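Each chain carries a letter (A, B and C) given by its place in the written order, and its residues are counted from 1.
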Amino acid sequence: MLMMPFINLQLGDRIVTLMAALVLVLQIAMVSQRWIVIHIRIFAAQSLFLAMIAATIAWFNHAPHLYVAAALTLVVKVILVPILFERLVKRMEIHEEIEPIVNVPLSVVIAGGLTLVGYVVAASFYRPDEPGLGHNALAVAISLFLIGFFTMINRRKALTQVLALLSLENGLFLAAISLTYGMPLIVELGVFFDVLVAAMVLGILVYRIRETFESVDVSRLRRLRG
Amino acid sequence: MTERMMTRLIENAAQLFLLLVLAPLVTGVIRALKARLQTRRGPGILQPYRDLRKLFRKGMVIPETASWIFAATPWVVFFSTLLAGLMIPMVAAEAPLGLFGGVLAVIYLLGLGRFFLALSGLDSGSSFGGLGSSREMTISALAEPAMMLAIFTVAIGAGSTGLTEIAGAAIGQNWRFLAPAQMFAFAALALVLIAETGRIPVDNPDTHLELTMIHEAMILEYSGPYLALLEWAVSIKQLVLMTLLINCFWPIGLQPTWFGFGALQGIGWLLAKLLFLSCAIVLLETVNAKMRLFRVPELLAVAFTLGSLALVSTFLF
Amino acid sequence: MLLVALLLVPLATAAAAFFARRRAAMEAVNLAGFAAVFVVAGVLAVRVLANGTVSLGNGFFYADALSALVILLTASVALVCSTYSIGYLRDDQQSGALGDDASGMEQIAQFRMYYTLTPLFVFSMLFMAVANNLGVMWAAMEVTTLASIFLVTFYGKVTSLEAAWKYAIIGGVGLSMALFGTLVAYYAGHRLAGSEALSGLNWSVLAQRAAQLDKTSMRLAFVLILLGYGTKAGLAPMHTWKPDAYSEAPVPSAALLSTALLNCALYGLIRFYILASRCLGAEYPSRLLLLFGLLSMGVSVPFVLVQKNYRRLLAYHTIDHAGIMATALGLGGPLGWLGLMLHMTFHTIAKSLLFLCAGNVSQHFRTDLFSRIKGSVIRAMPLTGVVFLMAMLAIIGMPPFSLFQSEFLILRAAFAGGHVLAGVLFVLFSTGVFTGALLHVGGMILGPGGDTAVAARRPWRDGSVLALAAALVVIGFWIPAPLFELIRGAARVVGGQ
């Protein structure tokens, strides 16, 4: 009986590691993607896995307040934001991304390199004596952060930049879960509310850019200099 | 002859037979499934056998400008692929033939075949052949590193590049495939499988349009028995790669030896797993469209990154 | 009660403006609301002076001298800007800057957006100053960004959208880094007892336990926070959104952005600086702050020298002053902290005055470029011209104006602490900015100039400008004792008492 919690932790850890790896694969897939609708769906899938990771940790590590975080992620990032953006895309009738600044194969390799950097940074946080999660999820979280940042610089369509920003926040959420089992509930609520409102605001901005510039290519936003 | 050598000989013969017979069947099943999914009736499952028999009986037309490479290639390709096939564990965990280097030898043997095929494409003197050769070489230049990285990941996990050891190590641990390194390696190898066997979205095996064909362009000038050998070799290569993928990651059903009732069980599991993988390939082919040629490096870059992540994560996880 | 009132009044103002029908109603509501906020802020300051700190809700709201000062400054600027914006927006409507609109419905909608978003903006800044919880502080900061984005797009021009997009994206990335920093700070303290509760992220609680926090994590947290809140403050190299946003937003909003928002971002930075210096010792955070501060000052020099647009000049000037304040925080010591707080106060008054004068000029001449104005200001708008020049002299640190005192204090702090190189660079960069600003603005205001009509009477705008100018002059010579006590108290908070 004494062994049971230990084995459970092991299983939970493995499941979380597996899902974290899937999240990482999805982030790399986002780097290589061209179609904006697929971007949105990959983001939704990634957030779904994050919600499942939160729920798994809540179950195995006895942290019930993470259920709330998982539910919030599900509602906000898996359902509301993707629906919002897909409607926006349909209205604006943009479908494909143009060639990014660094071409796709090279950016995928750079994304791989950034993952390594994420691992190195996470390794400095890893304390084997502490019970709880291993550093895998944290490494994936930091990688998500870095790859999202890189994608924001690399891409030119406004909506893709917004999605990259949101995937960056996904990385932060995962870091929060794996480091400290989430932050106090009120803070989580505040953060989710902000994410939702930010998505709406940015969506409106993208729409207006499209209307004014007839395109969402942000490399055309060059009039203000000096 | 010692007992050992007798066993070995029998094992080799059995695997040889299995390779020769099973390969066209796999091709036939994939075509039939694809036809069904596209609501056609399609050719029967045994059609590749009939095609081979027909081709072996036909006469050959050989270009005047061709050199000895043209004649040698079908034999080289056929035998190198067979040799590679003998080295992988199909039914039993122990591969019948164990050449120096294990899985590296398999990769290089397949590479040897591809090299000769590309040369023969150039050798025939037609522009289609050269076109096919250059495209094939571009793709393989990107796919091979990815494959190597993924294979090395698996080899590190097993502590050796010998395929027997790799399969043996995989049998012991059931949850091992949950480890991210294995997952990444599997994903990378799956992508490479698509590139190497010339499936959609990398290459269309049914097309003969100049814009789209890669593999077909290289063998365009072949006819008769030479063509039969090449087609057979292609199916065997497909079988070899599929079996490699399956047995390195899901070695359920691999038997310790070839003998006894276990052998039939092993064959049964192999067929089941091949069927499952064929369904997956057919699904992938039907859902996707063929990628434009200069988009293929993007797909292979993803495979490469996944492979390197797999390799690195064996150290980090 | 007091703190709740402080937050509820702007919210109520926003709601009332949202539901108002006529422009006059919105203007009145705004004016009344901000006047009330100013009064509450004053009462809060008095209360804090008497009791040291004011807290509510089991430590959820917390105001000490630092918060009270920031709140008072924010409230003052908000009040002045709301009086100014009445005249400013009326002029915009008349001159057609809001677009031709026969029925006036669209213009009313734009007014509504402005008069609703501005109180919301102020609300979020006030919330940030009274929130004890670091996570809630972050959330409030994010709301400031979201509220101000549409203020930047107010005129709906092509360039406004571009400015708003840059602001949104750069601000978004910066705030994500700040969130990460907050998270790491939480992690640094999470092994201490009682950290799972909400109070685990409370600043006051963390400040008490600062010595026991995990050092490696705090180091990383401070860097991330510096990058994150520094983006909102406009420290280089994250400053690129500032010139665009300040030149495109309506002038009162730009004034709020450059004074109140800057103060709030610095406030967040200061809170984390206190935690970091108590945990790691003052050397590590100071070095980083000096680096970014001097870098900001240095980066602004060339842009000020070759500037063609006076609104962008003011933006780079703000970047320079953000750098000065960061440097002051980094130099530390009682001189440095006092200098920082004094500078924050004086800069708020002077910079908002500059923006309001610039607004007057921009509306009269309908251009933002120096070359088109060429010295006619003094003739066309004597009051504005004089005040503009005076404010410019004040902000570059001419004695006897107040900023001279604060910058001198900072310089003394530099040499007292042994940061000789920092001191020298400080002087060098300040001189560069001073030269450029004075040359350009002086040339714009004084000089031969062409023929321009004298501007009409503008009661609201001129009144605000005059009031602020008077405050600037008075403060230069005599700071009322309670205000000085508040500033001293804030400096003591920064120093860790």
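Operating definition for what follows: a residue touches a chain if its C-beta (ideal position, glycine included) is under 8 Å from a C-beta of that chain, and two chains touch if they have at least 3 such contacts.
Just so you know, these numbers come straight off a predicted model, no measurement behind them.
Colleague: So how do the chains connect up here, line, ring, star, complete, or something else (other)?
Modeller: Contact pattern: an open line, chains touching in sequence.
Colleague: In terms of CA centres, which chain lies closest to the overall middle?
Modeller: Measuring from the global C-alpha mean, the nearest chain centre belongs to A.
Colleague: Highest contact-pair count belongs to which two chains?
Modeller: Ranked by C-beta contact count, first place goes to A-C.
Colleague: With chain centres defined as C-alpha means, what is the inter-centre distance between subunit A and subunit C in Å?
Modeller: Each chain reduced to its C-alpha mean, subunit A and subunit C end up 32 Å apart.
Colleague: Once you find the CA centre of subunit B and the CA centre of subunit C, what distance in Å lies between them?
Modeller: 66
Colleague: Please report how many Å separate the Cα centroid of subunit A from that of subunit B, as a whole number.
Modeller: Taking the mean C-alpha position of each chain, the two centres sit 36 Å apart.
Colleague: Quick check: in the complex, which residue numbers of subunit A touch subunit C?
Modeller: For this pair, the touching residues of subunit A are 124-125, 145, 149, 152, 158, 161, 165, 168-169, 172, 175-176, 179-180, 183-187, 190-191, 193-194, 197-198, 201-202, 205, 208-209, 212-213, 218, 221-224, 226.
Colleague: Which bits of subunit B are touching subunit A when the two form their complex?
Modeller: It is residues 175, 178-180, 183-184, 187, 297-302, 304-306, 308-309, 312, 316-317 of subunit B that touch subunit A.
Colleague: Show me the residue ranges of subunit C that touch subunit A in the complex, using the header's touch definition.
Modeller: 133, 135-136, 138-139, 142-143, 145-146, 149-150, 153, 158-159, 161-166, 168-169, 172-173, 176, 179-180, 183-184, 186-187, 190, 196-198, 200-201, 216-217, 243-244, 247-248, 303, 306-309, 312
Colleague: What residues on subunit A touch subunit B, complex-wise?
Modeller: For subunit A paired with subunit B, touching residues are 14-15, 17-18, 20-22, 24-25, 28-29, 32, 104-106, 108-109, 111-112, 115-116, 119, 123, 136, 139.
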